[in-house]
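As written, the chain order gives the labels A, B, C, D and E, with residue 1 at the start of each chain.
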Amino acid sequence: MSDFLAAQDSAGHEHAQPRSDQNRSLWGDVRYELMRNPVFWVSSVLVLVILSMAFAPQLWAETSPTARGACRLENARVEPSAAHPFGYTNAGCDMWSSLVYGTGKSVIVAILVTIGTVIVGVTLGTVAGYVGGFADTVISRVTDIFFGLPFILGALVFLAIFPDRNVWTLTAVLTMFGWTSLTRVMRGSVISTKQKDYVDAARALGATNFFIIRKHILANSIAPVIVLATIGLGAYISAEATLTFLGVGYQRPTVSWGLLVAEGQNLALAGFWHLLVLPCAFIVVTVLSFILLGDALRDALDPRAR
Amino acid sequence: MGRYVARRLVQFIPVILGTLFLLHVLSVLTIQIVGDPVRALFGENAPPEAILEQLRANYNLDDDCLEQTGNPCVRLFVDRLAQYASGDFGINFRGRSVAELFVERFPVTVRLTVIALVFETVVGIFLGVMAGLRKDKLVDNFVRFSTVLLIAFPVFVFGTLAQLFIGLELGLPLRDSERAPEWLGQMLTVTYNPEFPWLSLMLPGLVLGAFSLAAIARLTRTSLIENLRSDYVRTARAKGLTSSRTVGVHTLRNSLIPVVTYIGIDIGLLLGGALVTEGIFNIPGVGQLVFLAIQANDTPVILGVVTILTVVFLVANLLVDILYAALDPRIRYE
Amino acid sequence: MSADMTETEQVTEDTGDDVVLEVRDVKKHFPLTRGIVFKRTVGHVQAVDGVTLQLERGETLGVVGESGCGKSTFGRLLMGLERPTAGSIKLLGEEMAGLDARGLRRMRRNIQIVLQDPYSSLDPRMTVGDIVGEPYDVHTDVVPKQDRRKAVQDLLDVVGLNPEHINRYPHQFSGGQRQRIGIARALALRPKILVCDEPVSALDVSVQAQVVNLLERLQDELGLSYVFIAHDLSVVRHISDRIAVMYLGKVVEIGDEMEIYEHPTHPYTQALLSAVPVPDPRLRGHRDHIVLEGDVPSPANPPSGCRFRTRCWKAEDVCAKEEPQLVVRGPSGHLSACHFAEERDVIHAIDIPTSAADDDGSGDPSPGSVAPGPTA
Amino acid sequence: MRIKTHFRVTAVAAAFALGLTACGGGGGTTDDPGGNPSGEPTGEPGGSYSADLTEPTFLAPASNCYESECSAVLKMVNDPLVSTDFETGELIFDGMAESIEPNDDQTVWTVTLKEGLMFHNGEPVDSDAFLRAWNYSQNPKNAQATAGFMARIEGAGKGPEMSGLKAVDDQTFEVTLSGPFSQFGQQMSYAPAFAPIAQECIDDIKACNESPIGTGPYQMDGKWMHDQGITVTKWADYQGELPANADTIEFKMFTAPTAAYRDYQNGGVDVLNVAPEIYLEAKGELADAILEEPTASLTYLGFPTKEAPYDNEQLRQAISLSIDRELIIEKVLNGLADASTDIVTPPIPGSRDDACEFCTYDPQRAKDLLEESGVDPSSFTLELYFNADSGHELWTEAAARQIQENLGIDYELKSTEWAQYLELLDGEEFTGPFRLGWSLDYPSPENYLRPIVGTGGDSNYTGYSNPEFDDLVVQGDEAATLEESFELYAQAGDIALEEMPIIPMWSGTTAIAASDSVGDVRYDVGDGEIAFGEITVSQ
Amino acid sequence: MSEILTETERRSNKSPLSGVSFDGSAPLLEVEDLEVEFHTRDGIAHAVNNVSFTLREGETLGILGESGCGKSVTAQAIMGILDTPPAKVTGGQVRYRGVDLLQLEEKTRRHIRANKIAIIFQDALSSLNPVFTVGWQLGELYRKHAGASRAQAKSKAVELLDLVGIPGAPARINSFPHQFSGGMRQRVMIAMALALEPDIIIADEPTTALDVTVQAQVMTLLSDLQREMRLGLILITHDMGVVADVADKICVMYAGHAVERADVYEIYERPAHPYTKALLESIPRVDQKGQDLTVIKGLPPALVDPPPGCSFHPRCAFARDRCTTDEPPLYEVPGNRLSACHYWEEVLES
């Protein structure tokens, strides 16, 4: 090889300069775009706060509402006061610590579901989009099957099987009915990436399909999936609340936002507004943060939006 | 076009069979894991075994495979398919024909869905267009924020608030008033009223459509902004057309293509997902029917109704696809 | 030369030791399917339909034709990106059609491609170094890992890019520079043959020459053979030694650059050449102006006999019945597939009156009558 | 008579409910059975009003009705055979029976019907109408929900006709029981199970279910509008004694109690069962306008008495003592219950208000007893079972927390679907205390004691068996007078309350709201229902 | 050319412009010192700087330049269809028959478009609305500008398609753009531009995406129509061959500047600007073999951050120090030409 290169007359031709002076990668561009966006900052700080509550609630509240003696029935529904700015829940637990410790149940499910749906969606979407033909037909039809089942109905039927509802069953059911849209998006994205010339170029180099998928297809197809997943994450938090409201989500003594909202729903109208408003505020702010984060990501990832 | 429809129809078959089988397996598992739904009809006071057995036989729940956890009971599935093929969707635990139940409730849900669809489409597209035309302006940010809020609020909270503040605070005085027209009061009702089958579904329809309204507004906005940048909009301007015509005729129709796709999906979500709204506003619709059936492990209803719903959903999707083809001639002549 | 000369004879005639690529009667038909449940084939798009040609060492073969004539598919066939429906492609004497995946991979070290679109042919998420070094990731035995960076930088230097820009991303480069990156990637495995599929058509005029010159220099320095596929006949003429003119999946005329441009015998070639504008206003109205009617027919349903007859002003009954063979016709001695092959100079000014009086005969748009011949 | 089946609880209310069970309970006021009117009595008959209801299961045959929703309607449409006075436990012949006479050993019962009774369609109500209905009901082929009520009759559940049922003449029939049973008369006051059936109805049960042919003061006005409503109007030819003040009653169906309340606020419903989930809100708005009446529903915790450590009597007593029933009633049940003092709930004749020694909250005594028992509180985790989504989460958790706090026993809450819960019950597979409820089929202490605590009782899931107890109950059954039998039942109850296979928690209270346009709203003791027929409408 | 508009239509069509007094003796179009800026994230891009030219009846002006040189922006500025924001016309005049279009109300301006000045875009497929039939899109002009009925509009559309040589026009008006071939689509675009018989047609790269044979068809059609209808034609292209064939005058643009303006024969024979010269030398010719291609080194500058002085200096073989500081004015070159090069004499001689 070196002799081949040595044969080159390196003198006599000038090096063309790249046109852009900013040495940014594509992701660098995205980062740059995000840094300039106040929506991104606000939403990502909120998301960090929420995540820390989910994974390390002890940082935010001293005692878990499930700890021995943490809740006293005498305090049930006590409204916010200076000493206890968040008041007490219907079960006489401190509302703030219930909300903080409830974050985990609500958010971790959403995160797990997001991870699950992304894994399933990316895998199946890639296979369907890249391999095409029979595999595509089968995957597309299976996607249709799950898609044809309305989400809430499907979840209700499914959750009826697992009376012991915990993070895992909720994750399973939400994943089961959440993967379809990501698969479809990924499939479409892979199909368009597959047609890109650089894929042809790699094939011309003799790259194997696996190599091409790994190096080119995945990286270039996943952006819309990421955006959709972020928005989905917010939606799953909301979904947990709805399922709990319908009586197929978490059950006491678990603490989750959905449970608190469902519980506060009627009590609020009886005058205990804090029981509804506070958990709702947590859900809304969280969902809002994730959706706005997804929006910011989408804007940053979409070159046309610039 | 005919070919396109035919192909879509043929694609239905495996999807419907698949959905049916999926449901079947889920319901079989429910019985196997959770327990005998017939026994659950009676409470702490267990009835004579002979009666339970008779009931199990009545509801086709006496197969041995229902005792073996994990057994998919394929034979039951085949029987059921044959039964469905003859138009028999079984009876529920109250001895009523599932098909009849569905027919009774379906019109209500359809009305609700139609109202929600019209509302979300009209308002959603309007908001989306407003936001898209004034990108990054106040209107845009307002629409953006409020739509996200609609998405973030769990529907049951939203429904209750609407019921209280619109239905009671606003609607009740109207209904009590001598001067206000009756239809106005009925539009702002708190519960379904069979005497006003459309008007009393207005408020629930709005609640039901709120989530999708947000989605449609956002979709329209994105799509409109994208299309406004397209060459043919430039052409329309070069043709000396007014800006309202440029947007209203040349951009909007193209922008609605993804919206129409979404609506196709949404029909399914609305049909099946209406149960929360139906519960809050006491609407005897299909969603509620299924929900109650799930609570009671009323397998024949779950299977029968969800099957019909799936078919309806698929048909709705087909119609949307045809509409899609009507909007986009490039699809039509494929 | 007799019209009944067989194809084999043509081939043997030209085959020499220096032939690096030998294509014989290669066809690529894409099936057209229809059906609701079961797909049935209702026809074929005859993208490439019996192309026979050779490429010699150090030679540049230009392939020209209108869009849809099959020239790009032909390029992909050469690369093994499409498997031919029939026919044989021999690369350095080895038949490609019979190769398994591994064999094909090995062969790909000898033939590489430069793609048309400098934007979509580079993965936007990879650095220039990764892109140019990708061949080494695929063929791991070519350059040891520790030497790869150096090899890539050398390659960048070869194509006239600053080796220090190895960590930059494609979007930071202009179209011309991207095309250089594409060329560097194609060169990494030291191929013998480069298939250039419209390598400059997406570039700005002022940059086009940079790339064309680079390709020429590389050919001289590395002894490459080029298959240069393009629709721009000016560029093709500039770079090619021999030219193949394709129409609807077939080669209609093939010969040395001088033969094709100065003495074209196939009406299609003549029409093509006459349509190329020349940047010299003095030639206005003084060139043979052939305006072809209509569009290229669908390759799924090509005309019988001579495929060009539907747009040809010379067409007679025989053209519909009998497909003209690609044989040597006329005095110039190159191959042409026309029953009525006849030389005609279409690129030069016809030396008649210098009066600038407007001609009004050029380009009568009414169908059937194509306005051949000089005007004024 | 509501609690028996959990249709409403499990199937409906759970979805939208977060409080307690949506239904009230059977039973009624212990005082003046003649009526305890609320609102402004108008006294004038006529007019129409509406009341909330959950979709019933079946309206015909009546023997398929085993829950409060259908019986509320059937109560209007059907006359009972006989009623029971809750004060004394004696039978009242305000229904179709002229008289009901047992033989000496309480095995053969003769029922004599009043003259001239007929169905809404004109068919006579004669012995055949009863034989037709009862035989249909007991036949397992027909799988009737109340078939169990026929179980004591000779030959029940064996074929199309029972050998123990014979018509003497058009007006008289004889019931032969397979054993002596002094409370059979009271049992027959559960109207739906013992209702007659018209020939037209049995010929086309499906049609009859949509529009039942009854014998009562009201008849169906049009068909059953499933999930929307049932309207009944006064039957002009009614000969019976039951009150029917309003001309029409519209029952409006609601699946969610909140929706029902919203419609009440909206003026769409006049008489409303205030469900627990909206009680606080309604109480805040309506205050004293809400009528609160005790019911006969018992909530209790059962122990797997054969499982260690729950086989220890003192531990069971200690657990019972460590639960602050009053606090839970106040904070969780919003006062809608009365702490238990007996296994038999207050409105039932023969119930006592001081029978349960270990039902009061006494943490110190609980600790002492635990120490005495020798059970190490840290050696096990108390697994507390309840059925999910039926509003039991909050109080079971509260109770478990109190046990933990007072006895130092850690807890784990176990909830399952109703069907699964029943399977666990049937298999006696619980590994810790479990929640259950009970309500009467007929107003007799026997109806509580035997099924729940008696050896092999239909609803005895504790594995508890005490021959002495069983013996006392049988003696009660055979006693010649009600008073004697109540005394014997009380002795049996004392044994159960000492050994505590179950710990009684509380009996329920129902809450009713009525609009200004209706009066004379009363909760009927015997029916466990609002006395719809008595309600008057201001015009 | 058939009489497309009736007299009544003509009158009604003129009415929105009745308040504007056009000077029939003034040149068809005069662009003077036109300046357009784009506000981008990276700063202000000066897309068009002091561009001036004149177009007379029956004349063809070629605007020649590479992508990004501002030629399309100039065209859209004349049409008044720039996206504002980000684009903004910051100076100059665009006079149609003596009336400065930039000063007119949007309503009036709208009527100038299509009625007086029409434009043909490069990519006909994306420039035609994919969801409407071609006939509908053509007819729309008559319906909206001339108040024609649907039937009238339809028959006019057929006439137009006939005029631009689309076979089977009566059937084809019901086709959608994607059902046409590239060349046919471009004919539709031309038909659309001609519909209201404008005085000026701006053709923005009308043949770039087309095959040479089709390009020849389209260019022939365009120049025939131009001649017949005495249109003022502005032909915007990067193809030096195409303009050489049809233009009367050439304006060469580079980095937003008009660097050279001259008669077509002069400019090809003896370019007076180094950029024009380099361009001519860098393109291969079909009628010559073996010519060496002169490479223009480097790349066109970014418009946000143009080099000081002459924007071409970093790539210019003639550049001196002065070029890096002084922006060259348009020097008058003998032969009624203009060149924005300090050393135009040197260029001319070389």
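By definition in this document, a contact is a pair of C-beta atoms (placed from the backbone, for glycine too) under 8 Å apart; a residue touches a chain by one contact, two chains touch by 3 or more.
Keep in mind that this is a model prediction, so the values were computed, not measured.
S.K.: Return the chains shared as contacts by chain A and chain E, ordered by label.
M.R.: B, C
S.K.: Name the chain pair with more contacting C-beta pairs, choosing from B-D and B-E.
M.R.: If we tally the C-beta pairs in contact for B-D and B-E, the bigger total goes to B-D.
S.K.: How far is the middle of chain B from the middle of chain E, if each middle is the mean of its Cα atoms, in Å?
M.R.: Centre-to-centre distance between chain B and chain E: 53 Å.
S.K.: Once you find the CA centre of chain A and the CA centre of chain C, what distance in Å lies between them?
M.R.: 49
S.K.: What whole-number Å value describes the gap between the mean CA coordinates of chain A and chain B?
M.R.: So the centre of chain A lies 24 Å away from the centre of chain B.
S.K.: As a quick test, compute the distance in whole Å between the mean CA positions of chain C and chain E.
M.R.: Whole-Å distance between the two chain centres: 32.
S.K.: Could you check chain A for residues that touch two or more other chains and list them?
M.R.: In chain A, 14, 16-17, 19, 160, 163, 246-247, 262, 265, 269 touch at least two other chains.
S.K.: Chain B: which residues touch two or more other chains?
M.R.: 33-34, 160, 229, 291, 295, 297
S.K.: Could you tell me which residues belong to chain D and also touch two or more other chains?
M.R.: Expected reply: 14-15, 258, 389, 416-417, 420.
S.K.: Looking at the complex, which residues from chain B come into contact with chain A?
M.R.: 11, 14-16, 18-19, 22-23, 26-27, 29-30, 33-34, 144, 148-149, 151-157, 160, 164, 226, 229, 265, 268-269, 271-273, 275-276, 287, 290-291, 294-295, 297, 302, 306, 309-310, 313-314
S.K.: Report the residues of chain B in contact with chain E in the complex, numbered from low to high.
M.R.: 229-232, 234-242, 245, 250, 253-254, 327-330, 333
S.K.: Going by the contact rule at the top, pick out the chain C residues touching chain E in the complex.
M.R.: Of all residues in chain C, those touching chain E are 66-67, 174, 176-177, 204-210, 212-213, 231, 233-235, 237-239, 257-258, 261, 271-284, 289, 291-295, 347-348, 358, 362-363, 365, 367.
S.K.: Please give the residue numbers of chain B that touch chain D in the complex, ascending.
M.R.: Interface residues on the chain B side: 33-37, 39-48, 50-51, 53-55, 58, 93-96, 101, 104-105, 160, 163, 167-168, 171-172, 175-176, 189-191, 193-194, 279-282, 284, 288-289, 291-292, 295-297.
S.K.: Show which residues of chain C lie in contact with chain A when the two form their complex.
M.R.: 76, 79-81, 101, 104-106, 108-109, 112-113, 115-117, 120-127, 131, 134-135, 137-139, 142-143, 147, 151, 154-155, 157-158, 160-162, 165, 167-169, 171-174, 176-177, 180, 182, 185, 189-190, 210, 217, 221-222
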